[in-house]
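Structures for review follow.
Below, chain A partners chain B and then partners chain C, in two separate complexes.
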Partner chain A sequence: MKLHYYPGCTLKDKTTGLDISTREAMKRLDVELVEPDGWTCCGAEYPLTGEKIAGLAAPIRVLRQVRDEGGDIVVTTCSFCYSVLKRSNKALRDDPVKRKRINAFLRDDIQIDPLTKERTTGFADYNGEVQVLHLLEYLRDRVGFPRVRERIKRDLGMLPVAAYYGCRLLRPKEEMGFDEPDSPHLFEEFLEAVGCAAVDYPFKQECCGSYLAVSMPDAATEASYRVLRSAKMNGARAITVTCPLCFYNLDHRQETIKTAYLDFAGLPVLFFTQLLAWALGVDKALLGLGDHKVPADALFVERPAPEVRT
Partner chain B sequence: MRVKLKSGPDQRKFIERIEELSGENVFACYQCGRCSAGCPMASEMDLLPNQIIRMVQMGLDEEVLRSKTLYLCASCFTCESRCPKGIDMARVMEAVRHVLDPKGQDAFGPCELTPELARELPQQVLVSVFRKFAK
Partner chain C sequence: MTAKTPKTPKKPKDKRIGLFVCHCGVNIASVVDVEKVAEALKDYPGVSVSTDYVYMCSDPGQQMIIDTIKEKHLDGIIVAACSPTLHEKTFQEAAKLAGLNPYQIEIANIREQDSWVHSDKEKATKKAIRIVKSHVEKAIQNEDLAPITVDVNRRALVIGGGVSGLQAALDIADHGYEVILVEKAPSIGGKMIQLSETFPTLDCSQCILTPKMVEVSRHPRIKLLTYHEVDSISGFVGNFKVKIRKKPRYVDETLCNLCGECEKVCPQIVPDEFNMGLSFRKAIYMPFPQAIPGTYTLDAEHCLGLSPVRCGKCKDVCEKKAIDYDMKETILEEEVGAVVVATGYDLYTMQALGEYGGEKYEDVVNGLEFERILSASGPTGGEVLRPSDGKVPKSVVFVQCCGSRDTEHHLPYCSKICCMYTAKHAMLYKHRVPDGQATVFYIDVRTGGKAFDEFYQRAVEEDKVLYVRGKVSKIFKEDGKLIVWGVDTLTGKKLEVEADMVVLAMAMVKADGIEDLLRKLKIATDIHGFVAEAHPKLRPVESLNAGFFLAGCAHGPKDIPEAVAQASAAAAKVGDLFAQAELVHEPTVVPVNDELCSGCGICVTMCPYGARTLDPDKGVVVVNEILCEGCGACAAACPSGAAQQRNQTDGQIFSMLRAMLRE
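Now for the complex of A and B:
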């Protein structure tokens, strides 16, 4: 089965591990991921003020392309892409003024085929026809966690793992509709489906400092520390993320965190798809563990799944 | 905190502009403080989120526009999910930064990145931080 997949720019460069493990895992679930032709960056931030409507153009182009290729669903893993695509889509569904203005602008796009030099223009209006799903939603609602369990090839031995939601998956609640913003459980259900033990801890939906890691690094260091410490204190041996920026803050900046907060001894950070791919039998070399600063290799112990699973 | 109240066309214009840009009714806020209670960046801020909105209500444009808080909001929407009046403070913060737009310099621009950092950072965070804090 083919499914439209929007990787986003970071997955093609800095966090290829998320991209590779996603593809490999989905292959094992008989889903072939296809990228919409000519996709661009989604813009990373949904425009929060009414006048910055131009920020909708890039995500809507991506969604329009999915529709024009016959797709009715697009999945994504990066929390930022997910938030921008989902909110922009909803804006075009619900807000007639934005719909009109964006379509008036995008109708006259010119696309030139790099090989044939053929020009296409006069695009049909996009009215929010495509459904934007996070891969976790797709696994729960379309594949189904019971089916994921049936395909498990390796036993993760009830590894205690903390699910980290961060900000963009859950909020704003009305627009994202991903899960309960203050007591989410989708990510935990996923972890249990792949054979981990989900660790409950109070900082799962707190912010890691987000883009402040660049402009206000100390503030982000403290925010990330709070998340990591809370996960570790509650018994986690690893923390899982869906977002390349959470990954950067929690993994790449972990040395800085450890230097600033001496009581923190370190915690490996994983992409959720790495656990999924491993459980489904993907080779360790295809998990993309090379991008990690905090070594995570030792968590993946070769242990075949028991014959019968319920 | 002691503040000197002003009222005049400039103040009214400021309030209207914030409401227009953010799409939020700032006078709906009744100062319960839930936004500040849940804000992960509150400890670093000079004005708490509920103080920002109170000062917008009072038309204290200079005080608000000077605040460090504008550059400490991570747009995490925790305040939005907790506000009993349905106010999205992240939008109010963005509107205030937008009012500052034509005036100042980049609050954080590409020049401030070291080459090492630029090489290491995920693309997404670069797009994000410049969208928030550069012109």
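Now for the complex of A and C:
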């Protein structure tokens, strides 16, 4: 089956590993991911800061495109894109004033077909018809973890992995409705479904430092360090993320963290889809491990799954 | 039950009506031209006398009404003044003194419904005239009525055997009335029996409660029913019928001699509710040594199976033959005249505050658990030892307002007792572990109560408890230590405190599952599920549903002295009720005219009080006039006009409308 998939900008540039592994993994679950035609940046943080209505235009345009292509669900893997799309969608569903103003603005969009040069305009109003799901949510609610288990080809040998939710995925609870922000378990359920052992640690939903990496690098370093240290101290051999920015702070900046905190010896950072893809039998070359600053190759040991799995 | 009309009614057209318009100082007179109102009605059909006065409710005002009724031989009067909820009774009494039937009094509200809500004097005066005219039309059709009377059953039911229920039961019994005290747990004592010491005097909670428990159990007028639950209730104030479910204890309390042999042989180990799960009990157990009644109880849920084939060890060793596996649940019926609801409270679950880790870490405990740890009768014998490894905690963090005063995520209200018991906890901890560090995170410290603030000051100054003003964001374990993240809002700094143990002052909430019982009693609750009082200031211990009285934390968070005071107040109110020779009910109810009633039953579904039933034999609706509150819902719904409210008939309402709308 075909499923609309919104990769977001970062996955096309800095964190291709997340994009490739997602596509390959979903193929193994008989789902072909299709990108909405002409998608743009979701606006990252911007649309939801303050009450600026114009900022909602970018994410709503994407969702309207999904609807116009006949989709009723769009999945994302990036926590930021997920947060922006889902919250913009909800804002449009709940607030008639925003709905009216945004549609008044977007109605006169002009789309030019690159081949025929045909111009389309006068778009139908978008009223929040599309459902925005995170891939983890899609796997749990639509595919089902038991079905994921059935398709497992490789054994991850109960690799102890820490699930890192970060700040975006769960909050605000009323809008995301994804899991309990203070005691989440969805990510852990996922890890167990693919054959890992989920490590419980208290920093799973603390901030990695986010954009402070730009303005206050020391604060971001400390925040990332505490997350990594806590995961490692509780026995994790890797930490999994859903967010390119978390990946950047936890992986790309690990050298800086190690220089600032001498007790820290390093911890590989993985995208959750890399574990999924590997377990489902995807080739190691297609996991996108080349993006990683902290080598993670050694974690992927070729071990066929036991014959009978329930 | 009687409703009689004392004298032959006069025909409406012959009636002599008097009108008395009140100035209410300037409350009415500044907006309504009261003299003009009195003048305008002078020649209105039926009005014999029309006058005004500055304060009708004053003694001279009332005297004027009495004298005028007598002098002018009036058959009915209208007082144009404030809302009838305020002075209707006053004027009814005055009319009675003048020999007039009190139901011939009409109150025309020209204050709340006119002068207070308008400013244009001319229009307001016109409106007042219309209001008064409509009441004249009603008054000339009013009939003489006599109140409905009913006998009172002078026995009370008290639901709940905590300190409030015990106090209410004792007081009512000491007034000379019989009391049935129902408690669902195996013993009376409630939450108070679990407490260690009580603020602000630090006297032992058990030592002050057990004498009351004993007194209740020995009182000749109190029938104590523990391990019982109220199953259903029917009837009305003064005449309730209650069904009470006796849960099988599987131990005959009259035979059990507390030898304890059964407990020794029982193989089933269960977390002990009395110790908040911090220790274990057997499936056959006595909740605590001073439990009343003094008997073992077999908890069938955890027993291996009530059969000598499956286990039967306890039955084998019981020399008194007190254990009976064949005991069945039974229902007993009682008749009472009043009910005191003293069903207590529960604590907000620690699960609701996942970020504090109460469900995850053994050393994060709630206030009641810490009470057990402090208690001499508790699992540690009163030594402060933490649950995970039995070590003495050298640093304890107390977190106040866990769930309370959090409008966004949890409960908006203040749980009222936590500031005081946290000060007590910290103080008692310091007394037992003098070199330990007690840190309290608080939003405000609220110490309203006699000798309360002095107590808190003592904790700070003498016992060196460290108070930090700020909330806690997260509690987690790192390197085997509990880490508390919080903020000190006085310095604006983020804090990270290491703790061996954390005590969460969880909010007080409605008793778990109490809504089922309250639905059966048909008594209202507030939005948080606490029982609602009839009036927040003037009727604080009564329910709106007549015959029900409230005591203790069922009504909202309160400390022991307040709960006891409310229990005594509720008992006094029960005494008021029982002291009456008979109960009086307003006669302005809605009877059924048998000849018009088609038996459609629409009014039965409309009635919120269950006063109307369809008589299947006669094919008409019958009314229990004592239950009818005269709301008129049935009268409005009745398609045939068979349901007519006394002194508010369809005829009267239409006459009023005509008078109101006529130019």
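Please note the rule applied: the second predicted complex is superposed on the first by the 304 of 310 C-alpha atoms of A that agree within 3 Å, B and C clash if a C-alpha of one lies under 4 Å from a C-alpha of the other, contacts with A are read in each partner's own complex, and residues count from 1 in each chain.
The working rule: a contact is a pair of C-beta atoms (placed from the backbone, for glycine too) under 8 Å apart; a residue touches a chain by one contact, two chains touch by 3 or more.
Just so it is clear, the structure is predicted and the values come from calculations on it, not from any experiment.
Trainee: Contacts for A:G177 in the overlay, against chain B (first) and chain C (second): which applies, first, second, both or neither?
Mentor: After superposition on chain A, A:G177 lies in contact with neither partner.
Trainee: When the two structures are overlaid on chain A, which partner does A:Y211 contact: first (chain B), second (chain C), both, or neither?
Mentor: First partner only.
Trainee: So, A:A44: does it touch chain B (first), chain C (second), both, or neither?
Mentor: Only chain B; A:A44 stays clear of chain C.
Trainee: Return first, second, both or neither, reflecting whether A:P304 touches chain B, chain C, both chains, or no partner chain.
Mentor: neither
Trainee: Output check: A:G8 vs chain B and chain C. Expected answer is one of first, second, both, neither. What do you get?
Mentor: first
Trainee: Which partner reaches more residues of chain A, chain B or chain C?
Mentor: Between chain B and chain C, B touches the greater number of residues in chain A.
Trainee: Could you look at A:M233 and tell me whether it touches chain B, chain C, both or neither (first, second, both, neither)?
Mentor: So A:M233 only meets chain C here.
Trainee: Between chain B and chain C, which residues of chain A are contacted by each of them?
Mentor: Looking at chain A, the two contact sets intersect at 181-182.
Trainee: Going by the contact rule at the top, pick out the chain C residues touching chain A in the complex.
Mentor: Interface residues on the chain C side: 353-355, 357, 359-360, 474, 476-479, 483.
Trainee: Can you list the residues on chain A that touch chain C in the complex?
Mentor: 180-183, 202-203, 230, 233
Trainee: Could you please specify the touching residues of chain B with respect to chain A in the complex?
Mentor: Touch list, chain B to chain A: 20-23, 40-41, 43-44, 71-72, 74-78, 80-81, 88, 90-91, 94-95, 98, 107-108, 112-113, 117, 120-129, 131-133.
Trainee: Inside the complex, what are the residues of chain A that reach chain B?
Mentor: 8-10, 13-15, 41, 43-45, 48-52, 55, 78, 80-81, 166-167, 170-173, 181-182, 205-207, 209-216, 218-219, 222-223, 226, 244-245, 247-248, 252
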